[in-house]
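Before anything else, here is the set of structures, which you'll find just below.
Next come two complexes, and both contain subunit A; in the first it sits with subunit B, in the second with subunit C.
Let's look at the complex of A and B:
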């Protein structure tokens, strides 16, 4: 349709007609270069050069930061308390506001007609997850619940009650599920993982401390009982004062009901399969022991 | 909705060997159930304590309520000036069939200040910055009003009556015993001539 333009096309044409470019002809855009502030120069800035009058200040010998002249400094007087103890072992969840989610959907970066996963969000550059910094996923926050109006099937790692209410009010489905750090790394960057040539591992179940969260229906955990989830949906509708729309009569019901298996990382791919990217083939294990392991 | 649930549980069978996976989950659930056993029995000496914590909450039909939003009052700059966060919920009390008759009468009696001339109960909330939370707060207030109005005067059970009778009797016996002792003391102090 359009011919590929050579880079700098118009500029090259202009150059051919202008006189020779020398250092005398070149000048930066006004406002592009800001001159540095130089202290202690000139008639008014000189003399003591902005250092004050005698003493440690002028002579550059002030004591260390926090020193209070011999009085026990603040940072030593206050007793220690473990506010930050174990901070590097705490799981972190990047917050995703409903406002941002609506923004992504409106711009077409995230497709609401397919189940929304952490992979979809990262592909859309909606969130940035760093598994090496103890990120365990994304949490849905209810800021922007007033303007949220999209029917989606979303899977996150944590969600606040208001966010769950906002999604269900619009006829969507929300699930919270757990990804261990290795699975999370694979989920975020699927292509580099497939390039490695390793079989897809099975997703691990949550540990003791996180199990109550993912087995409770109030949090829409992926391990919770579907009946209890239905009851929780009704109770939440009662609490927040909206009528729960009936999803089973929706045309996108099949998409909304799609859920990953407990050990599955990707939709459509089971643990144990090897994806061959260059040849575009999927290799599945046939050995009994392997099948038994990957299906357990 | 049953179809929806059935579909969802079918969706679980996407991957191979669903039965074995279920075992994992039930094992863990078994562990959890052990810890929940301890919270069952709390002996109460009378039957008064259970009355306050009844879970028979009236279901509030949201479609019967008139909900409107307006701008909240107070400080807050541009946000409070522009965004309608104050939630107002009204419903006509006499025609609300989802509340029992006697409870309706009680609501009208107790909440005279909340009833408009048209006979509607009006509840507002501007507690938080969010419309949804304020609406939720209004609904909570309505259910509190209904719960307060449906409180029944505490009827003593047979246990209570028996307990009270036993205590009264014991009290009386003790009184008479002490009276006899006092009388004996007084008699001992008397000095009889002859």
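Let's look at the complex of A and C:
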């Protein structure tokens, strides 16, 4: 059913039957315009003009904001503490709720039959990552864990325990992996990177402070032992009270078991390759030294 | 004397690099007291690079889509709470189109931290009938006569107060 739009609608019909509109015919609705209070013009705007009686108030000589008459003011009495110290050196992780992830899957913006990566999330315009603002990736938050019902293979940078439980309860796989800022920039915007014509760099390993997080099986780190991860999956299922579904008997097992190599940025593309987008070709090096460097 | 000699040596050293810059790259250096290897870049060894088109399908997966994908067909509400529009539009004198991202176009606004507004956009057809229905529905829900504003040029409806959840549920139940 299409409704032809009549520009102006009924107001235009009314207008065509009225006399010509001029400035003499127009008046604002009563009560629409309130006149401003003008000080110093008699009756209640006049006399002392709202300044009070004598003193600093009337004479406009009050001390600065925060001054407390000589008592040590609040903003000097409280000692300094480095709450925000080093804030520009702290890694930030954009939160992604399970509710939003479910919304993206339901609307077809994210494909659950392929491994979900940060590139897929950014292509679906589900999250916006700014690597220059110390963003190190995305963290999965368990708001919406009760409505989440999708079997996916997802890779994020951080995840809460509740989120891990919600994904595994539905038969999915979650991995947390580290991307250094340069790799993150390439991961988010692959097309401008391929246009540059540089070979895909290898992803750097996490630093000392993040290594324990990514080597522990409880966080499903990508550097952790697979056996320990399986044990952790069973332990989490017991803790949250659900039966861990067996993935190996699943038809999508091959897709769910897909994981990136430690030094790989994109699925299927190794470091050291150059992508030629206009000719749809990939150039691979054969030099020994290069191969040794990129596979180390 | 020694100072003059030193200054001429310095001046020649300064001029040396500038003349290098002016010359075409690849041309060997003559004087100026600087020594560098003037070999050109070694030729591209074509056989040292393998070209393949097999793995290009992985690159195609990474390219962001330029159009908003249409949601897959589903029966009833989804786990996230999104409800698709009805297949046939409801038999009403007005219709409310979905937004670009397939959502109901009802938005809330707050001005001066205390003035709440609900805005219904993308209305087509008889907007006054919609205004009457909205007023009647909100009268049943809240029990108050809420002021509304109709803009026939932009085909939008404003209602005082935040009623986005109620109005979204109401419109979805109508089938928009």
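General remarks:
By our rule, the second predicted complex is superposed on the first by the 224 of 296 C-alpha atoms of A that agree within 3 Å, B and C clash if a C-alpha of one lies under 4 Å from a C-alpha of the other, contacts with A are read in each partner's own complex, and residues count from 1 in each chain.
Please note the rule applied: a contact is a pair of C-beta atoms (placed from the backbone, for glycine too) under 8 Å apart; a residue touches a chain by one contact, two chains touch by 3 or more.
Note that this is a predicted model, so its numbers are computed, not measured.
With both structures placed on the common chain, the touch criterion links A:179 to neither subunit B nor subunit C.
Touch criterion met: A:259 reaches subunit B, while subunit C stays clear of it.
Look at A:147: by the touch rule set out above, it reaches subunit C but stays clear of subunit B.
Contact with neither subunit B nor subunit C is seen for A:93 once the two complexes are overlaid on the shared chain. Once the two complexes are overlaid on the shared chain, A:294 sits against subunit B while remaining clear of subunit C. Of all residues in subunit C, those touching subunit A in their complex are 47-53, 55-59, 61-65, 68-72, 74, 78-82, 89, 94-95, 101-102, 124-128, 152-153, 155. Of all the residues in subunit A, the ones that touch subunit C in their complex are 1-3, 5, 7-12, 99, 102-103, 105-109, 114, 119, 122-123, 144, 147-150, 190-191, 194, 266-269, 273, 275, 277, 280-287. Interface residues of subunit A facing subunit B in the complex, by the touch rule stated above, are 142, 145-146, 162, 165-166, 205, 211-212, 215, 223, 226-227, 230, 237-243, 246-248, 253, 257-264, 270-271, 291-292, 294-296. Interface residues of subunit B, counted against subunit A in their complex, comprise 1, 3-5, 7-9, 11-18, 20-21, 24-25, 28-29, 32, 59-60, 62-63, 65, 67, 83, 89, 130-133, 135-136, 138-140.
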